[in-house]
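Across the two complexes that follow, subunit A remains constant while its partner is subunit B and subsequently subunit C.
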Partner chain A sequence: MTDVSLLAPQAEVKGRSLWADARRRFLGNTAAVVGLVVLIAITLLSFGQPYLGLRDPADINWDMISAPPDFAQGYYFGTDQNGRDLFVRTLQGGQVSLTVGFIATMVSLVIGTLWGASAGYLGGRVDAVMMRIVDILYSIPFVFLVILLTVVFGRNIELMYLAIGAVSWLDMARIVRGQTVSIRRKEFIEAAHASGVSNWRIITRHIIPNCLGPVVVYMTLTVPAVILTESFISYLGMGVQEPDSSWGTLISEGVKAMEVAPWAVLYPSLVMVVTLLALNFVGDGLRDALDPKDR
Partner chain B sequence: MSPAPLLSVHDLKVHFDIGRHGLLGGHRHVLKAVDGISFDLRPGETLGLVGESGCGKSTLGRAILRLLPLRGGRTMWLGQDLARLDAERMRGLRREMQIIFQDPLASLNPRMTVGQIIAEPLITHQPNLKTAEVKNRVKAMMAKVGLLPNQINRYPHEFSGGQCQRIGIARAIINEPKLIVCDEPVSALDVSIQAQIVNLLMDLQAEMGLSLIFISHNLAVVRHISHRVMVLYLGKVMEIADRDSLYANPLHPYTQALNSAVPVPDPDIERAKQRLVLTGDLPSPLNPPSGCPFRTRCPKATGICADVMPPLESVGRDHMVACHHAGPISG
Partner chain C sequence: MLNYFIRRLLGAIPTLFTIIAVSFMLVHAAPGGPFDKERKVPASVEAKLIEKYHLDEPLPQQFARYIGDLMQGDFGPSFKYPDRSVSELIAAGFPTSLLLGSCAISLALLLGVFLGIWAALRQNSWIDYLCVGSAMLGIAIPNYVFAPLMTLVFGLLLGWLPVNGWGEPRHMVLPILALAIPQVAAITRLTRASMLEVLGSNFVRTARAKGLPEAVTLTRHAIRAAMLPVVSYLGPAVAYVVTGSVIIEEIFRIPGIGRYFVLGAINRDYTMVLGVTVVFGALIILCNLIADLCYGLLDPKVRYD
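Right, the complex of A and B next:
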């Protein structure tokens, strides 16, 4: 055998992890990269809106009520029926819509993954009880829940975040549980168990990192879904309150004025569609990057 | 005589319930994967476990480490009954018993670096160890099993099968265990690599005083590494003996048949050799034959074999056999 000690002083070789491989593939996917750039731009614009020196979203211009886009005066998306700058209001609405998306993602990521991985790994009765809880929550009609919460606690944006958070982790829990069941009999899990590694560490260090492929992909599907849900709730008049806006409220107001001011529905919808498309491209890119064999 | 056993297994049983068919009062199938196995393992000894696929070798190995629930029997580890230990004490004891798997790549977490994989048992049992110390110990282990220590940050998929098995061995020995269960550690490797891994295990055993339970269906490899060999058939011990007497003087017809199936690397001897070819397949373990499980394929079977399971009886120094008609091969 070669004398290993001779070679030991050499610099440590940096391994190419599966994540590094995935990053390389993701960056090679033009649509996904463009989608990511668009997404970052929209996020920065939305949350940077108060600092960009734009008009105040509540400013009313009495000379321009329901006016079409006017680049000379800086009304890029036109104004609504109250004479407010639609461009600024769309950016402001993005804050709510993107926050909803972010919260739902975080909740489903943290609670959903841990819940699903624990149920799948522990198995047996624990699994049955945990997944029945998910089933029960799943069976509560979401819109009904939101209406009930609104009736009891009044219209409140935090409440909507709560309601969306409460249901968004259910799908994730199921997906992760399925993944976990398929990998918990793998030998490296058994090896960890045989070494005396605790269940918590097996779940967090061995199971969750190996489920992360589908999780990341599903996350990018969750975001558009909850943005649409928020729009739907706001459209029903139970979400965001004036003078705040979200993409859902803007579109719902725009629809009312569609015949006289089509831009009021067109532009906010366009921004939302672009965001969702970008998210879907990013999701596709991530799926291809993390699961190259499914291409 | 011999020192106190490290591990003493008595009448070990592992049964699996294979679902019920029918809603009410359906018949319940029980698979007796391991059915009443007893043996002692001495410190520094290698016990080879051989038998056909599905005879319960791997199940036995896992049951000893309490990775599977027991249906009956006891495993005494240095006088302590493992089944009675609470989960926390058992986790502590796992430091002293380790396992090496058949599929080297599947036994390594693909998302962890080699360094993290090898360090895991160490960190689990000595959480206060400094990071630099852990790294040094991991590198020392890598050198010991013949890996380049500078590859500590690489990932399992960047290694060959033999190297992955070395990583698995490094992980198993980093806590200086007393027992390693080797579950067919070489059957997924090339022949040349098999020899390297087996020799590595033997070197480590000599150096660290390890006891090994070496599971394999390769009789030649088992002969090379084992001190004693146990032959299993459908979850029962057929014959257990020290290596030399088992290979030179097998007394159980099943052992004789297995032995005669090993190819000899000399064409003349190979051609002249008298072959004991077993007919038929392994019976289903869900519905094992009555009496001796081997009787359906045994050339010596008589009426008594169908009625009474022969007990495991001592027939010489360190040689036990379970057969009504035990005896050397006769013409």
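Right, the complex of A and C next:
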């Protein structure tokens, strides 16, 4: 006597996946949404700068040297001591700073995830040695090494992107390892292992996708750290060089002229701080959205 | 305890060795010699210089020589100021940097822990929001933005503090503040989060349930446990302060080793840069070690065996 009706399709209860749930929580977080909108706006403005019909960042206006903001003439942030439009230069600097944030974070993501997942999955002595290496690298003052690198190999932006990324993967590796250790013993991994899937494939196809939540969160927190590192190096005059600019070089130039033209330091700093704040809000929002602990 | 200490001390040696090796290799991979200047030195002089500084030896041998000299506290000659050794320059600048850094770290710890605990005890009040909000700002505003802004406001507009100069206590206020503020922010956030977690934990409920006065519950149980993440943050905090001091010393023209590092990097004074990197690395390792030991003293779960 089987009750067929029990097996018949019922009114479908729509399940919420982790990501759908996370999206709902994220969109409910005002600070995070505002942060995201600000971030998108700054990114679009920075990279759209050549196409917006603005002045060329290298254009010099001899009548406007260190001039305060002048909306009538379209100098929204004023000009620097060479008569260049600071608004355009800030946007141009944004290109460099945001690119550093993106590329270096990607580099750190690739190295950190692979390192952490391998250590956590292989376990035992391999794990011990790999994490000991992370411990050792942890206490190395990396900014100095990056500066050393730029001193030794000349000021090459691409190299600096890679170098900053190559030194920012340690936290990522630790987080991914922790996550991996906790899912390594799960049945689906065992099943994959039993059906003869190679270690490399298990790591890349099963372990890493399952670590994605914390990794995404940590990524958004790496971006501001990386942007700060780049601007730190550029501020010291060892990073991006004229005629290119990054927020670090603009702030450093602004500081030199601070007493006569405070806007030259104020506006670039403001844009940078707003960007960093937005990134932090988005990161915190993502953490709250993806953290299964307070569900 | 002593056993543990010795083991950790021995464990720090490979770390320090790695730092020295990596920096040494980087410096010696540099294209062009340290004597490539605008004015070409005669070939005979250059040969003499290379011989004097042993640059003609194979790299491993140079490295062994450098390590050997380091053991005796000799960082080699400065390539920029040939009449002074790097050790002399570091010895001249180190006390200043140490004073600046330790003041900044102490201030950051005291203020950060205080604000964090205060915010956690008044969760969701205006005090809490104020602390969390300013901590967020403090983390997002880099200290090379803070420093000039503070000089502008307190130095130039209000005229309360001197902008430049070094030697008197009032010269130190702005640099220490600029160096400490980002760490105050980070420690506030950390303390608040861990304090909130501890306040909701079982042992605090037990302490309250057995009728301990609130003050005793907080000082003996809650705060002690809440300090653990703060103590383990101490290592990274020192690293941030050391890194920050480079830029702060540059901005305020303070004669510390951070400034030597920047000058060395700009002048391509390789031995100087190498020496400062090694000193900073050793300092950070030492602080990590101290943080580890403190952690053990605070956490009843840690046993030294």
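Assume the second predicted complex is superposed on the first by the 263 of 295 C-alpha atoms of A that agree within 3 Å, B and C clash if a C-alpha of one lies under 4 Å from a C-alpha of the other, contacts with A are read in each partner's own complex, and residues count from 1 in each chain.
Just so we're on the same page, contacts are C-beta pairs under 8 Å (C-beta built on N, C-alpha and C of every residue); 3 or more make two chains touch, one makes a residue touch a chain.
The structure presented is a predicted model; accordingly, all values stated were derived computationally and were not measured.
Residue contacts after overlaying the shared chain place A:P209 against subunit B, while subunit C stays out of touching range. In the superposition on chain A, A:I251 makes contact with subunit C only, while subunit B stays out of contact range.
Of the two partner chains placed around the shared chain by superposition, subunit C is the only one that A:Y235 touches, whereas subunit B remains out of contact.
In the superposition on chain A, A:I136 makes contact with subunit C only, while subunit B stays out of contact range.
Once the two complexes are overlaid on the shared chain, A:S269 sits against subunit C while remaining clear of subunit B. Contact with neither subunit B nor subunit C is seen for A:R125 once the two complexes are overlaid on the shared chain.
In the superposition on chain A, contact of A:A192 is made with subunit B only, not with subunit C. Shared contact residues of subunit A with subunit B and subunit C: none. By the touch criterion given at the top, residues 14-15, 18-19, 22-23, 26-27, 29-31, 136-137, 139-142, 144-145, 148-149, 151-152, 156, 235, 239, 242-243, 246-247, 250-251, 261-262, 265-266, 268, 270, 273-274, 276-277, 280-281, 284-285, 288 of subunit C touch subunit A in their complex.
Here subunit B touches subunit A in the complex through residues 62, 65, 67, 90-95, 97-99, 101-103, 106-114, 120-121, 124-125, 139, 143, 146-155, 157-158, 168, 171, 175, going by the rule given at the top.
Residues 1, 4-5, 7-8, 10-19, 186-188, 190-198, 201, 205-206, 209-210 of subunit A are the ones that touch subunit B when the two sit in their complex. Listing the residues of subunit A that touch subunit C in their complex gives 135-137, 139-141, 143-145, 147-149, 151-153, 224, 228, 231-232, 235-238, 251-252, 255, 258-259, 262, 265, 269, 272-273, 276-277, 280.
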